[in-house]
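What follows is a pair of complexes built around chain A, which joins chain B in one and chain C in the other.
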Partner chain A sequence: MKNIIFNLGPESDVIISSRIRLARNLRDFPFPLKMNPKQSEEVLESIKEVLVNNYQDMNFINVNELSEVELFSMVEMHLISPEFAMSKKPKGLILSDTDIISIMVNEEDHIRIQALASGFQLENVWKMCLNIDNSLEEKLDIAFSDTFGYLTSCPTNVGTGMRVSTMLHLPALVMSGYINKILEVCNKLGIAVRGLYGENSKAHGNMFQISNQVTLGLDEYEIVNNVKNIVKHIIDQERILRNELYKQNPIIIEDKLSRSYGIFTNAKILTSEEAFKLISDVRLGLEMGIIKDIDMYKINEIMLFMQSANLQRLSGKKLSLQEINIKRAEIVQKIIKNK
Partner chain B sequence: MLCQKCQKRIANFLVTQVINNQETDIYLCNECAYLSEGMNINIPSVFDDLVSNIIGFDANITRKYMEDVKEINVCEKCGMSYQEFKKNGKLGCENCYESFYEMLIPVIKRIQKNSKHIGKFPSKLKGKIVLDKEKEILKLKLKEAITKEQYELAAEIRDKIREMEGNL
Partner chain C sequence: MKNIIFNLGPESDVIISSRIRLARNLRDFPFPLKMNPKQSEEVLESIKEVLVNNYQDMNFINVNELSEVELFSMVEMHLISPEFAMSKKPKGLILSDTDIISIMVNEEDHIRIQALASGFQLENVWKMCLNIDNSLEEKLDIAFSDTFGYLTSCPTNVGTGMRVSTMLHLPALVMSGYINKILEVCNKLGIAVRGLYGENSKAHGNMFQISNQVTLGLDEYEIVNNVKNIVKHIIDQERILRNELYKQNPIIIEDKLSRSYGIFTNAKILTSEEAFKLISDVRLGLEMGIIKDIDMYKINEIMLFMQSANLQRLSGKKLSLQEINIKRAEIVQKIIKNK
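This part shows the complex of A and B:
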């Protein structure tokens, strides 16, 4: 894996990553829920053929052969969804060399195109998705209706089939309690706020995923712009609050963040919850100039490799919970010391 | 078949009613089935991530409702029943959108606040979609010409529409 995603993108003090996914289905095949294994194979083959032949930097990965740990480390990298990792049906994954574009075949829909980039880069990821989408449409017949647009397995995705989401780090909004106001406003505007891994997941380490709810009746550019505009406001508010918090309580903030850094770099056992809490403080301390002896690239690297499946993948074996917590503390220190 | 209650909409449900210990079958449309006696449906007002909650109403009511109502709607292409869709929130194939059209429209409006796609479309369909739009406009013009009693113009427009239909 080339670690482009660890690099810093625009507005990276608040925005970790930008992501867009498009849901598509082939005509004349039932949706994955109703497909038999033969049909699943046929869908898989036709999509694979178009993409792997058209793009030199696209690789087919036979996910049916991967272990649980390998699959879930891809979930942690946000390359596939947890549902896709768990599904037992014939499925496939097509990944770009740089791991920025991933296409899941036979998830909830036949095709899920996803592009991911660090920082605030919604236009760029949209261009990447559009490019893949157009190539597929040229060669394959896509399920589409004049009224409902792109037909998807779930009506929550019908129309554009588009989910635009950004991952935000919002410690000051959480500390000040102002986050609830944000959630309220987003809800009113048809914008969903979720935890780190999307639907039904908790907000770990002050990380929030902000995405559009409505996929029908707006065109793709409007959807991108709606998310973009709301996210811009949230970035501004987070920045103002960070400054105010520090200005009004300099010693308290410095103490809190420095303590977290101390624990993070010296602990021998780290649970996932604690590690996420600490890394949020370390990230904030680094952004505010309070913590200086680490860089953001390393933080991003730790953030991925400290997660359970990736820890086990690195160790080359399945570990018990306690072993994972020990290994996590080791990895954190190893990455920090590594020049 | 029309709903036996309102006589307006298409019947989607077969409801068994017990009147004086006598079972009677009655064919009802979506709305009349929901509103029919003894059934009290609460539609959750807050948007919920679980589609089944949006589509499937309150669990207890749904259970009672399922005992009372036998759905006659099944997608002929993939064999999925509307009940199955309500349970897991996922459709079986593209044809389900047509099979369950009447029932899906309110669901989609509730989730999406819209019911018409205006975004991009597959390039292969470009010709057809543009033609459809032009035809729609011509049909409006035809109506206008007829109302204004401009019959010559109307005939011209009618021929154009016929020509387009021939081309498809």
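This part shows the complex of A and C:
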């Protein structure tokens, strides 16, 4: 499996992944909401031409032909948005061989460029996005205003069209309750904190998405730097608290995390919520050197495959909720034991 | 380790062990409560002489020289009673090489003969007790009344002086609530149901000691048969209920028992109560074929060594309650992983 989230990047004890997306639109077409099917097709063709011709490692995926389960598997892999999966309009996805870069065509904007890498790699993902963006701007007329910057369907994206986000694992901040202070500060600084699947999603397994709210009035460099500095600060806080919690009562922490590992690797029924909670403990145990029987690569693999749509894709059929919970426990044990 | 309880006997899916003890006294001495130290020594010497000289595989243990931790380790192995461990009078223990037969001298009675075997083996342990009893009666003048039978310190033992007991693991009867019906019926039939360590002890881990209450008015054969028949009935009930519980919802049972196995093998702190609860689930999982990573021999070994006095004996020092709970979790993992 090539999905990039399996690998470990810099600061992987706290940062799971870094992601940047750029929203772009073609000047000569209405925004997707207003397009007719013919215009949608034209937009799709022109972007496909530029990217698939320009890059040997970029592939066009005809998402209109995919089943619901396949589409939601891609949502779980963070390759497409849930809205994109559900949209009935002509749409397309261009994906790099490594799954690092994905470009949704005809989502909320004509073009959504995304680069996703493991660990703390904001500069790298930014470079990748810029590279794609430059290729598009060379060949296509992108909607841009000297006053407002890049124009987008939703005013919250106008300006840079940029969303910089990182996925953080913050168990010690949650355990100690300091997470509320962090949320407060982030809010004041124009930084959004969300759950694993973006807006309105809950923070399962102590995992938080931290991203910029403001896209206008700052340049790209400033946006990346703002997120980077706040995330660095959160990393420090999380690390200090982990050490303190452990120092205060090592055996209690060891007992708690080891029990979670025992349940995680033996249960026959696992709800998504419990699985994320247990994964949080297992990650922390691994990072602290308490759990040694498994590596982080497997945990990342489990985190991806244990999700509902991926479980159904692997089973080759729609499953009931109970069947999904049983299949989830099976996959966890399979990945841990058989590889 | 030679302790007999590690092995598996007949009907070991439900019956952990079978035990018979006979209470006997020498006619020419007062009962232990009334003896002076000189008399205690004389009783001790005469019994020791008969048994240690008669049997090559019987060894005299000078329990007066043992530490409290060593004595209570023997209580946990069911070789001696707690009262015997605590008594300050001259006392002695005669133990067979295999730990199957143990004879306490100067407990509540001058002689307490016990035979303990794994599984459902009441006839066998009875034969062993009788064999020792015959040797003693040949050489010594045993207190016996034609009206009352064998005379004992406590009137509840007068007659046969016989206590027949079996240790049963009854998780399905407990889960289904039917255990209360069993307790009621046993009570009416003069059968006592107790926890793991006899009178006043709680039923940890769904383990129950089932024994005769009446020693007078029935002969030995009838007492053994009464207990045997009731136990057979309980075995049947337990087996039927296990099957029914499993048939009703196999995955729920598998999940419950597998989780217990996961916690049992990974926890870093285990109280005695939790450990027995988890062992009950692990035993049931093993017997049902749900848990396959461990054998019953190891479970029996753990059940013995995880108890407080044995843990302290293995550590070579007195431990605090928290230290015992940590040591218990260590021993569980050591026995499971290293052997």
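What we mean here is this: the second predicted complex is superposed on the first by the 335 of 339 C-alpha atoms of A that agree within 3 Å, B and C clash if a C-alpha of one lies under 4 Å from a C-alpha of the other, contacts with A are read in each partner's own complex, and residues count from 1 in each chain.
Just so it is clear, contacts are C-beta pairs under 8 Å (C-beta built on N, C-alpha and C of every residue); 3 or more make two chains touch, one makes a residue touch a chain.
Predicted model only: the values in this text are computed from it and were never measured.
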Quiz item: Of chain B and chain C, which one touches more residues of chain A?
Solution: B
Quiz item: Once the shared chain is lined up, is A:207 touching chain B (first), chain C (second), both, or neither of them?
Solution: neither
Quiz item: Now for A:309: first (chain B), second (chain C), both, or neither, which partner does it touch?
Solution: neither
Exercise. In the overlay, answer first, second, both or neither for which of chain B and chain C A:115 touches.
Key: neither
Practice problem: Give one of first, second, both or neither to describe whether A:134 is in contact with chain B, with chain C, with both, or with none. | Solution: first
Quiz item: If you stack the two complexes on chain A, which partner ends up touching A:31: first (chain B), second (chain C), both, or neither?
Solution: first
Quiz item: After lining up the shared chain so the two structures overlap, which partner does A:261 touch, if you call chain B first and chain C second: first, second, both or neither?
Solution: second
Quiz prompt | Touching both chain B and chain C, residues of chain A | solution = none
Practice problem: Enumerate the contact residues on chain B facing chain A in the complex. | Solution: 47, 49, 51, 55, 77-80, 88-94, 97, 104, 107-108, 111-125, 129, 132
Quiz item: Which residues of chain A touch chain B in the complex?
Solution: 25, 27, 29-31, 33-34, 108, 134, 137-138, 141-151, 153-156, 158-160, 162, 187, 190, 192, 199-200, 213-220, 223
Quiz item: Given the complex with chain A, which residues does chain C contribute to the contact?
Solution: 251-252, 254-255, 258-259, 261-269, 326, 329
